[in-house]
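Both complexes shown next keep chain A, but they swap its partner, so chain B is in the first and chain C is in the second.
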Partner chain A sequence: MSTTFLPCSVYHENYAQDHGWWQTTFITGKMILLAVVLLGVIPYFADMYSLSVCNQIGYTILGALGVQLLIGFCGQVTLGHAAFIAVGAYTSTLLILEFPWPKILITAGLAYPISILVAAIVAGLWSVLFGLPSARVKGFYLILTTMAAQFITVDFIITQYVSQIGGRGQAFSLPPGTIKIGPWVIDNDLKVYYLMLVLVIICVIGIINLLRSRSGRAWVAIRDNDISAEVMGINVVWYKLMAFFVAGFIGGIAGSFWISNLAAISPEHFPWFWSLWLVGVILIGGVGSIHGTVFGSIFMVVVIELLQLAVIPLADIYPKLLIDFLFIKEAAFGLAICAFMIFEPNGLAYRWWQMKNYFNLWPFSY
Partner chain B sequence: MIAENGAKDSDILLELEDIHMAFGKVIAIVGVSLKIRKGEIHSVIGPNGAGKTVMMNCVNGLYRPQQGNIFFKGEKINHLKPYERAKLGISRTFQKVEVFGGMTVLDNIRLGRHIHLKSGIVSGSLYMGKTAREEIEHRKFIEEEIIDLLEIEHIRNKPVGMLPYGLQKRVELGRALALEPELLILDEPLAGLNLEEVEDMARFILDVNEGKRWQVTCLLVEHDMGVVMDLSDKIFVLNFGNTIMDGTPEDVQSNPEVIKAYLGEEDLYATRR
Partner chain C sequence: MELFLMSITTGIMVGGIYALVALGWVLIYKCSGVLNLAMGELTLIGAYVSLSFYSMGVPFLLSLLFSLIIGLILGILTEWVFLDKLIGKPVLTVIMVTVGLSFFFKGIVEFIWGTDTQVFEPPVFSIEPIRIGQLVIGQVYLWSFIAAIILLVIFVSFFKYTRWGLAMQATADDEMAALSLGVSARFVYGAAWAIAFMAAGVGGTFLGNINGLNISVGYLGLLVLPVVVLGGLNSVPGAIVGGIIIGILQNLCGTYLDKYFPGGVKEIAPFAFMAIFLLFKPHGLWGWERIERV
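On to the complex of A and B.
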């Protein structure tokens, strides 16, 4: 399902056109429309609640991209991605709170952007550390070693040691005005929304570019057949670790982005369930597809929000629903995954691909 | 094509010297020595379980022999990993097709260009300037040299996992060629193909071996005696890990030991025809 059919009368005259991103003017128009909607329409019309839902979607996309890269493109099943998001978030927070920044950088508003970059690199390296077992183990065994990453990082190191730095207690609160990019202080959902858009677009473009160049192909080759990948000249261990690095890098960006939306961070923001959730997102969206990551994120966040909206009026009749919402959420998550595994194992992205081809080939669909 | 007997040693592309390989107590090959000259098609034949594939795996590094040396272009390559040997110019296809099922035909062949490409994580994620140019140059190479040679234009954008077996074999050959190897190991390239596909594949092998553009030395493992006798410059016969003989097709056909071990008393080497 990697390539779509071109519509009638569209043909390429050179390889550059065939390698292009947007191969028809129709697609270019569609992308411009999408940009207008994302940059103009949504922020202008949406209320603060919808914007916060959008931010949640963006955060899920950033988190799930790394999981998609590892599971969907490199075949390394991971169940500990929240750990790397946590590492990103904590690195960024600690840098902002504890690092003796020169006055100049603080007034120029560079402290937070620099901390995002550093957090991404630290999370990437941390991820490589837990990717090392992938050189030896595969499949189910690797799942367990990545789960170890979750428990060692979040439940042990962060809760027991990192949280104690500075003597603030369990939660680190970020004073207003510390999250600042250039002249803009990120203090409301609208600004978080724009930051989210920029980061999501950069990360998605980066991953798509990687996947159509040498490293990305090596990852997919390792997923499909690691022995013949090695015979074709790919250093399998190196590329697996690279995949872990890039996944951790994006996880770090996700974590340090999310602190702009939270007043305080604590280890409870990064539970093991969040790692599992991200795997669910890519299963529903479609394993091995960037579209799938985005669709899955939108689907999961929106469905949970709709459930919440549905539960509130029902709670007047049956008040216990509100208390039980956490469990309803988890049950819905499980049900959604079951349903997708049975009825559409290729995820939402496959449906999207079918739709696109239908319209491209219309009216002669043979 | 056959190098003269007195040729000097620089003509030897690959040399196996007294290779022993055992898995626990199962002895797969015993003291095998083999010299392959540049430009040859050197076949390895033998009954099932003779150790042919083990020998191939030793050459390209998937197995490490317990004893013996492997030389490629005069250099000892015993310690090199498979991907390092690929960089030296050893490429192979597999007995049971090992293509990347989820990738398109084009991407499979592009992957074969891996060692010739240069972009890394950062330049790849930016995909500008050099990286984009590099991709286009290699695309040109793939289209003009490989896809055109193997006649797979019509399926270039199809996922390989969905193709029939014969075409998968062809894609696998294309991927191995994309590496621009000096030594191409073909592990049963004709197994499971129909007569027409066998003819095509034999033609591709000859093109690759004799064509001015390629001139790749081939190490061929095959059971189809008709094809083996027609294509090969030299044939190496293996039986239960032991060398029976190494010689020209005519010698092999008339050798009583080979007939006893493998070819059979009757005129069996034309089984397929």
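On to the complex of A and C.
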């Protein structure tokens, strides 16, 4: 699904062209346009509300990328990804709050970037720990193990133990000014937006490149048929664990990014619902497609926001709607997943692919 | 020693309910191959329906019966609307549809009944415990256990001796052969979902009687997953034995390990146990082991 037909009269003459990122001038132009929109139009013309929606989208993309890697490219279904995001967020917060940073690092504003990196590695290792059963079990049983990961990590370890560190009670609040990258203090939505943009771009490019490498091809082989992958000489366990590590790594980045947007973090920010939500995002966007991750994230966040906007005028007539919006959201999400699975199992990315091919092959689409 | 016996009996009693709910799960899996993650929400729906009837003044047994009937209708409807179109689709697709269903049901339940804890008012069972020798058993537990056993017997004998049950068994054994012999697949799948809804509804009603009814009863319904993993995904006796074992284990952990942890052991123990159990015996006690070839 990732390959598209080239437009008429475009030919590749060597291997490098064939594997180029942007194969035609049109795509280059499109990417430049995208960069202009992301860097120029949105930050200058969007109000704070739209920016916060954008940040939400970015967080969803970061979280869903790991799920996409595991489910879409390695075939390891995970229903506990929020646990790894939570591990990232808590590691980062605890490092910022409790670690005795040398003065020089604080003034240079390196504490938060370093904590992002450490959080990502810790979350990756934590993910490997719960990926270990994938050496023996697969399919439904693996789903259950990842579910256990969610309950054990968030509902037990974080709620009962990690939250007690420092005696702050359930929620860890970050004092203003602690989240600082270099000379910039991340304190409003615009700065969070820029941070989000940088992280999303790095992670997306990283994942796409990883998928073009040896390990990416190994993952796809494992997804398609793990036994034949093993027969072909791929170290299945190693690559599965590596997929878990990378997924957890990106989850950790997502978590430690998100604390810059939250005034305080508590275990309620990472419920099981959020794990399922991320899986729903990639299912709606399209399994096995990076485009799909982005489309799914945008679709889900925007649809929920629109739903919320639609509910507000209705609330005058029927005030219970506003209070119960959370439940409407849940029901709508569930129905959306069912509808997509039944009517469009390939997701939004497939529609995008069809559209692209239509225009690429136009007017001779045979 | 007394404490030990107490927690074991309570465990067996609660385990009976888990076994009942797990039986519904196993039936769905056996007959239609659907791995259902919406079981918690099925328990919620049944429980809330019977609670609504009960608080309208309908006698308890009658409201239980109503919840069974509504479960029957809802089960067949769910199968027709959502799962009928998914026959032959990949496993992940079907699992995710059940996840979607669980959100859908949960949202609707919360929307209709709210999230506050509701209790059966007036209480169905008196809080006066029954004493057998040294053992002290709450009446709720005892009656739940008895009801669970009765329903288990009814469902198992339905499965074993009636014409429809035999059709379901045939489909579970070999779908193609059963279809070519004139068994209606639609009927079998519908019946499996209806039974699951009914079993879960009764289980949920009794769980709601024990501690009051709120969304966390749905979480108890999720405990079927450790149960069926322990018993083997497609084994009816496995579901029953697994349910009772998980019930005992949960209560023992609650009694003895709560001292050493800040809390929440009782909720986590089955899942932790399941993760460890999967490492050593992924096919459960009596599940089928599939041999895979390229």
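We adopt the following convention: the second predicted complex is superposed on the first by the 366 of 366 C-alpha atoms of A that agree within 3 Å, B and C clash if a C-alpha of one lies under 4 Å from a C-alpha of the other, contacts with A are read in each partner's own complex, and residues count from 1 in each chain.
The criterion applied here is as follows: a residue touches a chain if its C-beta (ideal position, glycine included) is under 8 Å from a C-beta of that chain, and two chains touch if they have at least 3 such contacts.
None of the values given here were measured: they were computed from a predicted structure.
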| item | value |
| --- | --- |
| Combined model on chain A: chain C and chain B, fit or clash | fit |
| Superposition-derived angle with apex at the Cα centre of chain A and sides reaching chain B and chain C, degrees in steps of 10 | 80 |
| Which of chain B and chain C A:K240 touches, first, second, both or neither | neither |
| First, second, both or neither for A:P345, with chain B first and chain C second | second |
| Chain B versus chain C as contact partner of A:H81, first or second or both or neither | neither |
| Contacts of A:I227 with chain B and chain C, given as first, second, both or neither | both |
| Partner chain in contact with A:K180 - chain B first, chain C second, else both or neither | neither |
| When both partners are placed on the shared chain, which of chain B and chain C touches more of chain A | C |
| Which of chain B and chain C A:K191 touches, first, second, both or neither | neither |
| Which of chain B and chain C A:R217 touches, first, second, both or neither | first |
| Overlay on shared chain A, then closest C-alpha pair between chain B and chain C (Å) | 6 |
| Residues on chain A lying within both footprints (that of chain B and that of chain C) | 225, 227-228, 231 |
| Residue ranges of chain A touching chain C (in the complex, touch as defined) | 71, 77, 79, 130, 132-133, 136-137, 139-141, 143-145, 147-149, 151-152, 155-156, 159-161, 164, 225, 227-228, 231, 273, 276, 279-280, 283, 287, 324, 326-338, 341-342, 345 |
| Interface residues, chain B side, partner chain A - complex | 60, 62, 81-83, 86-87, 91-92, 94, 98-104, 107, 110-112, 114-115, 117-121, 123-127, 131-132, 135-136, 139-140, 143, 157, 159, 175-176, 179 |
| Of all residues in chain C, those that touch chain A in their complex | 35, 82, 85-86, 89, 91-93, 95-97, 99-108, 110-111, 225-226, 229, 233, 261-265, 267-268, 271-272, 274-275, 278-279, 282, 292-294 |
| Chain A residues touching chain B - in the complex, by the definition given at the top | 1-3, 15-16, 18-19, 206-207, 209-210, 212-218, 220-221, 223-225, 227-236, 242, 245-246, 288 |
